[in-house]
Structures are given as structure tokens and as C-alpha cells.
Amino acid sequence: MAGSTYGTLFTVTTWGESHGSALGAVVDGCPSGLSLCENDIQKYLDRRRPGQGKFTTARREKDTAEILSGVFEGRTTGTPISIIIRNNDQISRDYDTLKNCFRPGHADFTFDQKYGFRDYRGGGRSSGRETIGRVAAGAVACRLLESVGIRITAYTKSIGPISVPDGEYDFTQISENPLYMPSRSFSEEASAYLESCIKNQDSSGGIIECQIEGIPAGIGEPVFHKLDAALAQAVMSIGAVKGVEIGDGFRSALAKGSDNNDAFTFDGSRIRKRTNHSGGTLGGLSDGSTLIFRAAVKPTPSIARPQHTVTSDGKEIELSIHGRHDPVIVPRAVVVVEAMAALALADLLMINMSSRLENFTAFYYPKDSKERRP
Amino acid sequence: MAGSTYGTLFTVTTWGESHGSALGAVVDGCPSGLSLCENDIQKYLDRRRPGQGKFTTARREKDTAEILSGVFEGRTTGTPISIIIRNNDQISRDYDTLKNCFRPGHADFTFDQKYGFRDYRGGGRSSGRETIGRVAAGAVACRLLESVGIRITAYTKSIGPISVPDGEYDFTQISENPLYMPSRSFSEEASAYLESCIKNQDSSGGIIECQIEGIPAGIGEPVFHKLDAALAQAVMSIGAVKGVEIGDGFRSALAKGSDNNDAFTFDGSRIRKRTNHSGGTLGGLSDGSTLIFRAAVKPTPSIARPQHTVTSDGKEIELSIHGRHDPVIVPRAVVVVEAMAALALADLLMINMSSRLENFTAFYYPKDSKERRP
Amino acid sequence: MAGSTYGTLFTVTTWGESHGSALGAVVDGCPSGLSLCENDIQKYLDRRRPGQGKFTTARREKDTAEILSGVFEGRTTGTPISIIIRNNDQISRDYDTLKNCFRPGHADFTFDQKYGFRDYRGGGRSSGRETIGRVAAGAVACRLLESVGIRITAYTKSIGPISVPDGEYDFTQISENPLYMPSRSFSEEASAYLESCIKNQDSSGGIIECQIEGIPAGIGEPVFHKLDAALAQAVMSIGAVKGVEIGDGFRSALAKGSDNNDAFTFDGSRIRKRTNHSGGTLGGLSDGSTLIFRAAVKPTPSIARPQHTVTSDGKEIELSIHGRHDPVIVPRAVVVVEAMAALALADLLMINMSSRLENFTAFYYPKDSKERRP
Amino acid sequence: MAGSTYGTLFTVTTWGESHGSALGAVVDGCPSGLSLCENDIQKYLDRRRPGQGKFTTARREKDTAEILSGVFEGRTTGTPISIIIRNNDQISRDYDTLKNCFRPGHADFTFDQKYGFRDYRGGGRSSGRETIGRVAAGAVACRLLESVGIRITAYTKSIGPISVPDGEYDFTQISENPLYMPSRSFSEEASAYLESCIKNQDSSGGIIECQIEGIPAGIGEPVFHKLDAALAQAVMSIGAVKGVEIGDGFRSALAKGSDNNDAFTFDGSRIRKRTNHSGGTLGGLSDGSTLIFRAAVKPTPSIARPQHTVTSDGKEIELSIHGRHDPVIVPRAVVVVEAMAALALADLLMINMSSRLENFTAFYYPKDSKERRP
């Protein structure tokens, strides 16, 4: 349980270090018969790839996905899907000076405390590159969700103090700016803010918002594996995320019940909620509304500005981190949030299939046949 | 996987409905030799018990814990600890009128969607009474944590707009007011606010904060089972919680790296952080600082004020919920947050024991003996 | 992970000691809508109850099942089903002399080694009474399996050297003799054999065979969670079981491929095997044939005949175990084998529902409706 | 849960098909600091490699292990160890004729039933090549076990009717003959027997026995995760295994209690058993004796002799399987049994570390330091 496996039925195991020879993921439990090719995965990897704009690192990784198993003649076979991404552009000597010192905001100190030593090159397993395996696996989960009409859209809600207000989203803009913001004007404002951060050898935090449409009601498991709880774990497990909220989230702490409750209504064909303060869950189960949640992302800890820290033998030093680092983590984490949400959801959808006896018996005694399976 | 089991090594399985004959928990994997009696559990249950003040329901449950297994001559034996709490004061007829209608903000609709029908009495399994099993199990986890010097303190940070500022905590006040606020004056202000809510047949949300001291560095598992992620799942799985943040949380989204990074220093005996914006974790592992997190709790959905909703056959109605309901969930959820944090932490501490080979070999070849185990 | 939980989707957690106040089980993940009452469980418990004939202990437990949760108006709700069985007839002073000595063939020594001490009364958690929770949970699993036409039949194949040959089974006899043998004459012979064991203050081993009909083909998961592997774990986890074999089992080690392979044929409506050397699985998945396996059960370790052993402080002694002990474990373990097979199978049937994309999509977009779920 | 992950703390996920581009394993949860190189793994892979003698297939795979992550400067880092083995010598056209027919004794039919179609090349995921990942991971587990003095020795007990009697083992012979038998004369006899099988276009079953020395007492978890149960699952999950027994196994079903019980004695330094009918476990926990178990392996199902079967569209045919197939599975499965036993045991040893409070507190408050961790 070094913690690199996620999920119960739809599972992913990721592996790999920043400066090892490769990173990858093994997806197990994906249903057979899903159309899948390397390009389906590559499209997601390209969204988190470095070197795409002025706010992402100059490290020039192609991050090319290769599928090694689990797909035959273009379709998944039901067996584990192993995906590998080779590391090409490691410059490990960059990190030699960091070998014995604990970078503020990084996991250097805690990994040493836990394991006694660490692969210090590029942060090793605690590097942002660890998310490559998540994104590759999330791409498979997204394909599965699409097959039942579920669409996940994540985007940059805010960078530092620059936040797109709820009513001013233009989703067509998300892929039109390097910050993945749903607004042209706010993305320009945020760009200017980031330029000033760079100028000051500093970095910025921000907020990622995610909307999921098409989730049928009833998904999630009561008590410990609520849909909200599963999403919270999935999203909080992304390195830089420091907070997760669903629906009105922390605003609901300020609200009154009469405002926060969503009234039910019957629209002639189905029962739905008039408002969506809950963000799409009630009692930990999806309620048929759009699922909406937000993740708070801390500023990139690697900054050029000198910082105080200590070496592993306790010597106090001033540290300036040079090299290739984004001034903000948010844009590249957008697709990671989508991936984690997809993984959590795919798993809960599969688990949900056996919730009712009538579904269980209908499965093993299909209606359209007099015979039982098989 | 109806989701009622939590944990990997230190596990809890809870069971029971609001108006069934009993509720309970089975704690499995607790180490042998822990001193434990029913009173250790009762103290925690008493903190979540209704009927203790003007802001908690008049339902008069004693909620008495009985230990049925796993303890022999005052100590845990290493086998499952079964704890049962009988329901005494159910008034099920209160709920007959609610049988076929979907209360706003409750799980009535989603449970029906998932399971086809539900035990509608008092919310059944989705009732707040479900947390009794969590608190009973959490009490055992707290005993275990105490044995290695870990202390968990949760309290009410805010109720509606009334919030105790960071610098004005008086921890001695927490147990002195029915709202578990660390401030006498703010608790009085919050009481007045809640009185106005009651007068308006309304309810209020709030924020619970939790501080944990004494966690050694290195606890948590990288990637999917980070300490932050485990806590986020554990706390978000509490019915009314809509957001979780650790350390500076959502404030870190507004910050710059130079502010948000915590500098390391060496105090002569050990390496520590000068500040604690991270809230006690780095890279998902505890960093030796105080762990601090907050949970946003939504307002009680059951309010006396008429609300619009529909019946299960789609008829639009106005619903006024009478009966015994707190105007705020927060104070009674404080101990539930402690319980969930304790369960998450106990599990990760046990998992951590095999992280290093030197600990593994020292365990099976103890230093103080020439012989190997046993 | 003290190991008292079994299963992935259909799970059971058992608890309780031989001389504690109660034993029980929590079944989680059972689909909603299954008709279930206490008598459904009681019928199974009665089959393992002591005091029913001359070859079972005189301890007179009623072993009455009480359902505390998860059932509403006669049907399961999808939430955990807590079942409790009170202990009534403990005579703990019987065991005071055994407190500090290690009975041969029992877990006294190993529990002390693992946990440092033990609840020595009646073997504590390692008593055969531990299986009560399994049988109660297994009864629920059997109800679920019946709903899709799966029937489990276990019986005593042999007691010591007295074995019913394969061709001479009369299943109507199983419930007609206290040994649960599918043959009147062999059960009489076995009874005589057991009488001689008792006369010699000794005990006997035996073999339980189990046949399961109605399993659709394709159940089980490749690699580590094969149907055979799941059954092997489930059955080998019963205290006295020392061997498990499926189909021809150890005989297939003597066979040639030309004998051991089962030819496929098409009978006009479906493909089936002409023979069943494999015992109903191929590649770890059910093959549509009757599943058949056997479990070797060791002799009751508690015998009146004096045995050599040591005390916990290393003193060599001669021990005669008096009290209430069966001369053979097999008959009472027959229903435990059924229970464990049912638990393993119910879980794998639920897991199997998401194996194919076409089933996944048909579930979320039901054919008979134009709408997607819900 | 397609079932390709095994273990709780020390886990392995395997992936890969017979004729895909590669196979591999991800080992997660291995303690940091274990000395590990590719050659440590290669030694185990070489023992299961084909093409090594007249009784193994002529397929000439090098099966070279490459470690892609989790090892830094010769030691494990505590992060997942990804091991990849490229397939080189696939001749897929061999299998084109088998595409639409169900080979007797193989998983063709059941995979089609479960998944709707299959990667038919070389048996796909159900091929014996699937065990490569297990052996690679098992090699890591063996390294870990060696570090605490545990040694696993598996060997061929019998091939068809040729069986090495218990008293006549010569362990130095195991690596001296291609059948891994602990006897020169019996291996010669078995070779002659296999030659006659080949001549008759047939194959043979056999028995693998495994002895494990150095396991401390108390390993295993009571109830469902007994050491015996874990081993039974692990070993029965190997494709061709049809039975597992521990200690006297099926012979104990014939025995009397007075024979089967192992007397305890005190040898001046520690308590031990005089005999070992139990095979090294009592109550599911290791008892300090040598652990000994056996696995029954069925004959190779692929035989050249014509067999009756059907095509996927129900046509009856006679099938002769040519190509590269061993006349016996046993010798190459010996190392797979070792690997699975090592994986099961490594996991249970890690889980066992938190069984006692005194160990838990000693870990977090080390004796040799006044300070608590860290």
C-alpha cells in the first residue's frame, strides 16, 4: 500500500519517477469492447504537456503514450491496459545541487523522513510528472463515460486574484487560451498577472472548477464512499491541491437552510431540482443535476527568488531554484482534475450496477431471452 | 461495497438506521493490548448526543455503547471490536407523512433512485444518526493515537457569518459552550444568531476546524492515498460536509509562492518549518507540524418554513417539516470530524510501519535479542 | 486488517468470541429488494447448531439470529444488514485450567505469539463458534443466489476411511442422517466408526464435497481472483480445513491430458462440455458445468485422551481435554462450506456485471426506454 | 477488479498478453532500502523460461527483465517498481486456425462468454506467459523475505505416477535436473515417463511441493485471511493448479485426532512442535515450524493427439494442436509457486507489524531515543 493504486472495480496503478526511464499506468477492470487507440490517450497527455506556452516549463517532453496490453484489434479486451510513456528530456544534473537540501513547499523533507532517502532527481515520485499516469488512465475512463453520455469539463476558474465570475463563462474560450480559462478577457488579465509574477521571480495559485453533465441519479455509495467523498479524495490526491468543495461549498457554511435547499419539481417527464446549491449530490449520491466542484491549487513552490531552508545535515542556506518551472500549476492541472474525476466516477458507475436486486436478476436472466445466461 | 467499511489496516464497518432497533460499528485491526472500556466510547458518544441544549433536537436518546467482542479483561485482543447502541426514542409516526415526498436537501430522492425504495423513517441510513457508529469507532482510534502522543482537537470555527478569528482562540472555552466554539463572546453572538434562525423557522451552516498535534513526519502514502486525500475523503463522507481544505486551503489559491512556501529551519535538535501555510503536509505526507484542516457544513435541511417539493408520483406540494431538528448541524458534527480524522490517521500510521526495510528487519530481528522472532 | 472482512462488492464482516456476550456479522453491499427475514437465516444456523445428535457437542445453544438493520418491511434496503446471535450457554470455568497451556492442534500458542495474550475462554475468536457469523451471512448470500437459479449442495463425502463412492450418492438422504451423508448405509457405517473413536477418546477427520448448479459461464476474474482461487481462499479460511481441490483435483496430477481434457460439444441450443474433469472452471472462469469441489477437514483437536504439551511458561504436562466436543467436525462444517461458497460466488457475480461494455451501456441506457437513467 | 492486482500492503499488478508487445508487473508497497537489481529478477525468470530442455517449448524467449522505476542507486525507494519484459518470439499465425474454435482444457470458451471476444493469439491473457509478471514480482518478494531469514524451496514432488517419497528427498538435486525433482533417480524415471507421453502425443500432470523455513510464529490474520487461506488463493490462482493442501492435507481427513495433533514441547530455549502434521500453521497463523504445502497441477491441455471440440458457431470438429507445447507444466510452474508463496507471505509479514500495541508504540517512540518519531 504505497498508495499507487486507485479504485475498486475500475482501477488504475501508476508508476514512475520524474527522471527515471519511463512513467506509466496500468488500468484494470475496464469493460471489454471499448474502442481505444493510442491517440485517445495522447489527446489528454498533450493537454498536460510542458513546453506549450510561455507559462509552462521549457522542458520539451513529447510524452508519447504507448499501449502495451489490453487492447486487441482496436478494442479493450477486459484485461489490464498497460500504458507507458518514456522520459526523454531529463537533465538530471540540474538537480545535483538540490540533492542534500530540502526545497520549501516540496516533498524532499517528508520523503526522506518516510523512506530514509529519495530519488532526488526532479522530485522523483513526488514530481508533477507523476500525474502523467493519472492522465493516461483518466483518458480511458473518459472514453468509458462518454459511452453513457457523461461529459466532464474542467477549466481555470481563477489565477491569483483574477477570477471569472459565475455568470460570465464562455466555454468556447477554454481551449483558445493557454490558461484554459472560460473567458478571453479574464485570461488576458490573468496572463498579465502571471507576467508580473515571473518578473518578481514568484508564482501564483488558482482555482480549477469542474462540471460533469449526464450523471444518472443514484451514483455513489452511502456512508464512507459517497460520490462527494470519492471526488474529494481523488482531487485532493493531486499534489498541489489544498482544498475541494462541491456545489456552494464553503459558501454554504454562510447560508441559511431556506436558501441552501434546492426545491424539487416535476417537469412533466422527470423530477428535478430547481436550483443546484448542492452541486449535484444529495446524501452522497448523484441527484441528476450537473455535478460541480472546485479545487484550490497552491502556487508553484519552485521559485527563482531566494528562499531560506536547511540542508539534510541541518545547515541553514539561502536557495534560489533555477531551471524550468511554470509560474502557475493550474493550467496543466486542469486535465489532471478531469482525469481524477473520470476515474472516481467510472468506478462508482460500475459499482452501482448491482445496487438493486431487479437489476441483478435481469442481468442474469435477460428479459429478451427465455434462457438464463449464458 | 455499499460503502459502509472504511480503512485498510485499522478498519471500521458501520451499520444501522435512524429508526431501526440499533446502530453500531465493528472495528477490525485494532492492535491487541489497548486499554479500552465502554466509558472510553461513551464520552465521545455523549458529545454528539441530542437533547443537550437549546440548539439540539429534543429527541432524548441515551445512546449507550455496549462492547460485544474484542475486549478481554479490559484490553483489546486484536480481534474485531463490535459496539452496539440501541435506539430507544424513535417516534416513527412523525415520518408517515414524509413517506412519499422528497424533502429538499435530503437523500430521499437519491436513495429512491438508487435502491428503488427506502426506509423512510427518520431518513433511515442517511440520517445523521448514522454517525453514531463512526463516533464509537473513532473513540477507539483516538485511544490508539493517544498511546503515541497524538491529540485531535476539533471545534466550531464559525456559525453562519459569526466566525472566531484565527488569533482569538481560547481552547479552554470549547467545552464550556453548547456550540463548541473556542471563544465565549463569539459563542454568545452565534447563539443569538441561531435564535433568530429558529424564530424565522430557518437554519444555519458553519465551519468546523480541526487541529492535530503530535503526528510524526512521513505519515501518508504518496500518490492516491496522501494524508490530505485520506482526510478529505474521511471528512467529506460526513453527510452535511460540502468542502474540505487543509492549511491555507482556498486562501492559497490567492497567494504567491513566496508567501505560501514554508521555510525550513534547524532548531538545534530537529528540522522544522518556520510557518505552516501547508497545514502540516508536504507531498501528501505529514511534515511534523500541526495538521490543520477545515470542513464546511451546510445548514440543516429540515426547516419548519414551508418549502416547495414533489411527491414520489410527481405531485407538487408545499412542505413544512416539524418535529425535532437542530437549527445547525455544526456543534454535533464536531466530534464526528474528530472521529473521522482519527480513523484516517490510525490507519495511515499502521500502514507506515513497513515503509522502510530497516524497520521491517528490525521488527523481525529485534535488536535487544539475539534470536529472530518469535 | 485483522482479517474479519471478506469480499469486494458483497462483503461480510464477522465478529465475536466463543464466550463473549454475542457473535454476529455485518453484510454490506447486498442488493436492495431481496426478500429476507430472520427465519431465512435461522434455517442455516440450525444446521450448524450444536446439541443435535450424538456426534455433536452437548452445549445447548439456541443460536437465535436477530436482524438489527438493513431490512425494511421484509426486504433488504441496500444498506448493511447487521445480524446478531447472543451467546447463552457459556461455561467459562471449563476453560480456567486451559488458561496457561497450549492445547495441541489449537490456536492457543499462535494467538499468544501474535497478540501477546488471548481470550482463552473456549478458544475465543479461534473457536468454531466464529463460523456462526459466516453462516448467517452465507444464508443471505444463498438467498441472493437462489434469485438467479443457483443452488449449492454440500454434504459429507467421507468420515475417516468411510467414503461414499461417486456413483452411489442419494441426495435425498443428506438431511436424513446426522452426518449429512448422501447415503443411508455409509452414514450408518460412519456412525459406527465414530462410536469407536469416542470409545477410544479420539476423533476423526473427513471430507466435505460441494456441488453448485446454475452458475452462468464466465464468472470469476482472470489471474489472481479466479473463481477457483476465490473458493480456495474462502473454504481454506474455515478453521479445520487443510486442503481444497476442484474437479478431479489431486487426481488430475496423475492424469494425462487426453483423459483430463473435457471435450466441447454443441447440443443444438448451447455449447457444453461432455465431461467435467475440470469441475466447472476453465482459466479461472466458470464454464457452465456443475461446479464441484472438496475440502479436507482435520480431526477435532480436542480429545479426551491424554496428550503431551507445555504451559505458557514452558512446563511439560499431560493434558486431557474434557468438556463438550464433537468427535468429528465435518457434519457441522457442511453448512459453513456452503456459506463460504455462497459468499465467494455472490461477490464474483456482482463484480462480473461490468465485464462488458455492452452490458454497461445497456444498463445506463436501458433498451426499453428512450431515456437514459434515471 | 479484472483481478490483476494482488495484496494489501505489498501489492503486485500484472499485465500483458502472450502475443502482445510486452508483459510486466508493478510492485507497490515494497519497503525502501532493499538492494535490488535486474539480475535479482532475471534469475527467477530464467527458471520459468521456455526452451531450456526437451520437456519445455521450443519457443525461444529471452524474457529479459527491465526495471523502469522504484529503484535508485541500487536500492528500492519505496515507490512502485515497474518491471517490463518484452515479447520477442511470438509466431501469431500459429494461432489463426484456433481463432474460432474452443480448445479443450483452455480458457477460450470462458473468455468469450465473459468478454464477448478475446485476444486469441497464444491464449492471450490466459496463457502461461501471464505468470512472467508474477515471477518478476515474486523475485522482489523473495529478496524481502531473505532479509529476515525466510527461505522458500519449491520442487517437483511427482510427475504423473512417478512420485518422490517423503523420506527420499535430496535437495541438492533440484537444480541438477530439468524437472526440478529432489532426486536423481526419480527424475530419470519421470523423464522416461514424459518421453512416452510425447510419443503418445499426450501430456502429464504432477504435484509441486513447497517448503518455507524461517517464518516467525503468529503470521497470518485470523478468520478470512489466514496464512493457509492466503496461500491457497495465491497458489490456486496459477492457471493449471486444481488443488492445494497444507501439511498432511487430504491425508488428515483419514486421520484420528491422536495422530494428527502435534504435541508441543519446550526445548530449553523455545516452545516448538514435536511433529508437523499441521504443515506449519495453527488457527491460520504460522506456528514456527516449517511451512509445507502441495499443489496439484493438471496435464498440459494442448496435446497433438486429435480431440473433439466445437467452433464458436457450434460446428463439431476434430482438433490437433501442433506448435510448441510442454508435455508437462509442472517444472516451469515450480518457480511460479515460489513466487506466489513469497507474495502472499511478504504481504502478511507487513500486515502483522501492527498486531500488538507494544510494537506500535515502540515504533513511534523508539526505545533507543528519548524523542518520539521523527
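Per-chain residue numbering starts at 1, and chain names A, B, C and D are given in the order in which the chains are listed.
Here is the rule we use: contacts are C-beta pairs under 8 Å (C-beta built on N, C-alpha and C of every residue); 3 or more make two chains touch, one makes a residue touch a chain.
Note that the structure is a prediction, hence the values are computed from the model and not measured.
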- Any chain that touches chain D and chain B: A, C
- Query: For chain A, which other chain has the most distant CA centre?
  - Reply: C
- Message: If I rank A-C and A-D by number of C-beta contact pairs, which comes first?
- Response: A-D
- Note on the structure: For the pair chain A and chain D, the C-alpha centroid-to-centroid distance in angstrom is 37
- Query: Distance-wise, how many Å sit between the C-alpha centres of chain C and chain D, to the nearest whole number?
  - Reply: 25
- In whole angstrom, the CA-centroid distance of chain A from chain C equals 43
- Query: So which bits of chain C are touching at least two other chains?
  - Reply: 1-5, 8-9, 14, 29, 32-33, 78-79, 113-116, 125, 216-218, 222, 288, 351, 355-356, 358, 374
- Item | Pairwise touch network: line, ring, star, complete, or other | complete
- Item | Complex contact set, residues of chain B against chain D | 8-10, 29, 31-34, 76, 78-79, 144, 147-149, 214, 216-218, 222, 269-270, 288, 349-351, 353-361, 363-365, 367-368, 371-374
- Please give the residue numbers of chain C that touch chain B in the complex, ascending. 1-5, 8-9, 11, 13-17, 20-24, 26, 28-30, 32-33, 66, 68-70, 72, 75, 77-82, 84, 113-119, 124-125, 374
- Query: Where on chain D is chain C touching in the complex?
  - Reply: 1-6, 8, 14, 102, 104-107, 109-111, 113-116, 125-126, 130, 158, 160-161, 197, 200, 202-207, 216-226, 228-237, 239, 241-266, 271, 274, 278-279, 281-288, 296-303, 305, 307-310, 314-316, 351-352, 355-356, 358
